[in-house]
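Next come two complexes, and both contain chain A; in the first it sits with chain B, in the second with chain C.
Presenting the complex of A and B:
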């Protein structure tokens, strides 16, 4: 009875596998939270944040077909808004030693949950304001314009010293982004994406991606779909940025350069443009490798060659990965397909390779 | 001309479209009545598709007006025009590549599902009901044109003729009053074209449609159209019933050339 039956709704083997994977993952998260050392736990939690960010970029790049490179900007907005809302007055006073903080922000402190939602909304608002004019552009021009706006946001933050403390950044943020918080956020965003993509609105987004003219002729308000998608994506980027800030506990404008956008883009492209599970798997793989490959940046003694420590050498590995993916799997690891147990089964039968972890 | 005066569906007055110095369509005056099948024919580059694009809002005309059931629709966005009840197909098939046949049709139902991003994502009861209604409707449409067994296939994997048919079904799913077909018989052999023309007549009757179609080969549409307009270099050189068009010296000249 190892057949895959789909029609009658009952718990099939695949449902059990999903439930099993889910509970295994929850146990892993609990174990990680209790027993892992600080560094490993941080990498583990960083995976969750990168899942949020990768999904938010994939919503644009993968599902609506908008090539946007301004993500770091929206993350910065989220991170700063959330930080400013949660920092205590004393903490603010300590941080703003060069120039005092504006009075209306000084005594404003609210709990983390509303703060992160406001952070997301602020990023969404900025996304909407930028998206409305910029989304009239297409393809490369859109990429260039969003890239520019991403940088503009960063420069504004650097120079709005009375509000953002400028280039010094903010230090000592409360460590609210716990294992629980980040993985719940990742789970919710994952669920949101899966439901969105399967819905009529998701279909409309994909229609815009596949053929704008035809979508318009089918009665879809293409421009509105684009702006909505851009705004929702900015919201998620803002939430991701806020989580990142509250995990690292220090933020400064230099964190949110184009390199950050590039890292997320790398995840999306490696995982598969237009694949939710691809983004999840690639987010985990890339985050872990980013840390695991740190030894490459340090001085090495390879018997024959002795290196002096080449910062950035690990990025070469990612470049190679990207090249291999581009040559052998143009559509990324998962293409535009979604992970399923049957697929995994097929892989095992063929060559027995390891697959991804959790998928709803 | 001397038919019973049924409701006027689409008419244009002095419609002109210029691209820089090039006049693609000049002074086009159409008059299409309810349930008619009207052909727009002409040699390559005569401005037929441009006329379609102007009517469906893809271009804003340089001059003139487009009226749909008496309402001025000049310069409206394409999606608003679709909402009012004009659907179209494209000369070069434009199916959504990465979707199944059913999904392609469902996209056209998006308008009637009225789904905002949140009601859709949360699968609210109202949305669920409209979604399953749309699904039923789409499958029914596919059933009618004999594509239902391919509903879960990838749309672009279908044979050419069926892709053309799917494009028509997709346009029908927007529940139009009027259907604009841009060279539906392009690339078909005579027998297939004949089948297609029967199919077009069938859907006209079944869905109470008015059909305006572009065709390149005059013979193909002779049998199906009740009325025709002939364009050459953007200028309407003739209009009338097929028999008179066929005899019209200007039309023969445009098609065959003259020494």
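Presenting the complex of A and C:
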């Protein structure tokens, strides 16, 4: 602000680091796609999907200060809409053996890209319809009402058998969520979030989060900001759900319980509520841990203790992790700060010299 | 629909409503004092049922002794839970403490899967409770009669404690203004512990009775009743014990009656409570018996 003269753009060390990291990642993605085994690749891609989902929840919880617990519902809407639009008529016939599918959906098949956009829009529409009445409520009430809506969506999907195939779910979805697709989606969502947070709109969201009354006094239409943020978040949740469905290739209503929302909430809290880079890092860490810790559920042979396999131990570890973070380090990994190379620099340079660095 | 059948449904609605009311009281008292949705309350309910089950099957206690032991243990557990998971966060933003509650709920569920096993367990229902009593042409299982009776007895004791004893007065003081109560030399920590103890006690009783009425246990059995009872507390007006009871009976009644009269909708049974919640919140956000409070700047 003090400088009136614009500095000519120069590539600093940090730009080079960013470019380097980016190209290293692209190479990693290409290598992963070509050489990783199916399981590792799946975990790798799941990271991308969780990034999308964590960012969409963070937009609400972190940037607008709306505590929503209904995310799984919007994901379900996205996953189902996308699946129904992309499945071929033969596949639909195979799935709907208990009750025939409604005729207008029977022969409808469109490519993945428009389907996933429509899925996001459908989730956004549901989000808008739900948000408009519910967002008048205050924090805890909002949490419980969104939780309720998530549950209602799931019950509706279970019971709307001619459309969704009910509790049997849909099997054999085309595997469209390739490494390329999911990471491009994650990249786009990340870019969108960064731009959004820096825009005037993002500032309005943060103002609403920090003090609703003050924001209103500054001329921000609080209700509209809330509804828009809720709708955008639902859109991203729908896209994330659609990607998840097309990666696992099987969806059923049981997948979209509160448990799923819990996993995403865990990521957002661990990463730091209100930090984009925190969400990204935590999404990767949690997804990898979730898979890496699967051994906890299997029979173990520690020298002294021999267990018969303890299904559930993994979830115990994760719930404990969430509680410990909330109790002892409330701000999560990143707090509400963003990752920067200078931050890393600060980690490695000795404390005494830290103050001496002259670039800010 | 014949009259006897209708009476039968009414008895069912009364006993389900009683169970809901018992659990809803725990939510409403904790919310009244700490402004916290105790997500783990439904799991405390589950825990009570399991402890009683193991009391009966493992140590072969008589059922009433197991009931009492389980209630006491669960109440102590509830107090411990508050100390560990909520007390360190009492001055933090409300979202943190709510996240901690969600974490505690998942921890209890997954610990239950780990320790008790994920497979459902059949509960040995004592003969006294599973006898069929006939009133004319209406036949009722004794448990369905015992639940409302005990519920009303417990409610009477609770109302006495809250309105007539010194501890009750302190509870009301803390729920009105925690800071002012502290200045008036009320031991807030003791009152909070006491509240959690009573809430968990009622939930444990509800859980055990639930397991005698629907004799099957599983680690996730507390999730749905827990959510519904929170809804019952909100519908009645959270923070008000009378409201929680009203909400519990209302919810239990509506649920049983809809399934009875509109059986085609029974697949949507679990969604009714949420629809009702949203309607009530939109029409009267403070609940049926809740007090109106204005936000001061």
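By definition in this document, the second predicted complex is superposed on the first by the 336 of 360 C-alpha atoms of A that agree within 3 Å, B and C clash if a C-alpha of one lies under 4 Å from a C-alpha of the other, contacts with A are read in each partner's own complex, and residues count from 1 in each chain.
The definition used in the following text is that a contact is a pair of C-beta atoms (placed from the backbone, for glycine too) under 8 Å apart; a residue touches a chain by one contact, two chains touch by 3 or more.
Note that the structure is a prediction, hence the values are computed from the model and not measured.
**Student:** Kindly classify A:103 by the partners it touches after superposition: chain B alone (first), chain C alone (second), both, or neither?
**Tutor:** neither
**Student:** Who does A:61 touch here: chain B (first), chain C (second), both, or neither?
**Tutor:** second
**Student:** Just to be sure I read the superposition right, which of the two partners does A:274 touch: chain B = first, chain C = second, or both, or neither?
**Tutor:** First partner only, chain B.
**Student:** Considering only the touch criterion stated at the top, classify A:228 as touching first (chain B), second (chain C), both, or neither.
**Tutor:** first
**Student:** Let me test your reading of the model: by the given contact rule, A:213 touches which partner, first (chain B), second (chain C), both or neither?
**Tutor:** After superposing on A, A:213 lies in contact with both chain B and chain C.
**Student:** So in the superposed three-chain picture, is A:336 touching just chain B, just chain C, both, or none of them (first/second/both/neither)?
**Tutor:** A:336 sits against chain B, while chain C stays out of touch.
**Student:** By residue count, which of the two partners contacts chain A more extensively, chain B or chain C?
**Tutor:** So, of the two partners, C touches more residues of chain A.
**Student:** Using the superposition described at the top, list the residues of chain A that contact chain B and also contact chain C.
**Tutor:** The overlap between the chain B and chain C interfaces on chain A comprises residues 213.
**Student:** Flag every residue of chain C that touches chain A in the complex, lowest number first.
**Tutor:** 31, 35, 37, 85, 88-89, 92, 94-96, 98-100, 102-104, 106-107, 109-111, 113-114, 118, 223, 227, 230-231, 234, 267-268, 270-271, 273-275, 277-278, 281-282, 285, 297
**Student:** Write out the stretch or stretches of chain B touching chain A in their complex.
**Tutor:** Of all residues in chain B, those touching chain A are 56, 58, 77-79, 82-83, 87-88, 90, 94-99, 103, 106-111, 113, 115-117, 120-123, 127, 131, 134, 170-171, 173-174.
**Student:** Applying the document's contact rule, which stretches of chain A touch chain C when the two form their complex?
**Tutor:** 61, 67, 133-134, 136-137, 139-141, 143-145, 147-149, 151-152, 155-156, 158-159, 213, 258, 262, 265, 269, 273, 310-316, 318-320, 322-323, 326-327, 330
**Student:** Would you pull the chain A residues touching chain B in the complex into a rising list?
**Tutor:** 192, 195-196, 199-204, 206-207, 209-211, 213-222, 228, 232, 274, 336
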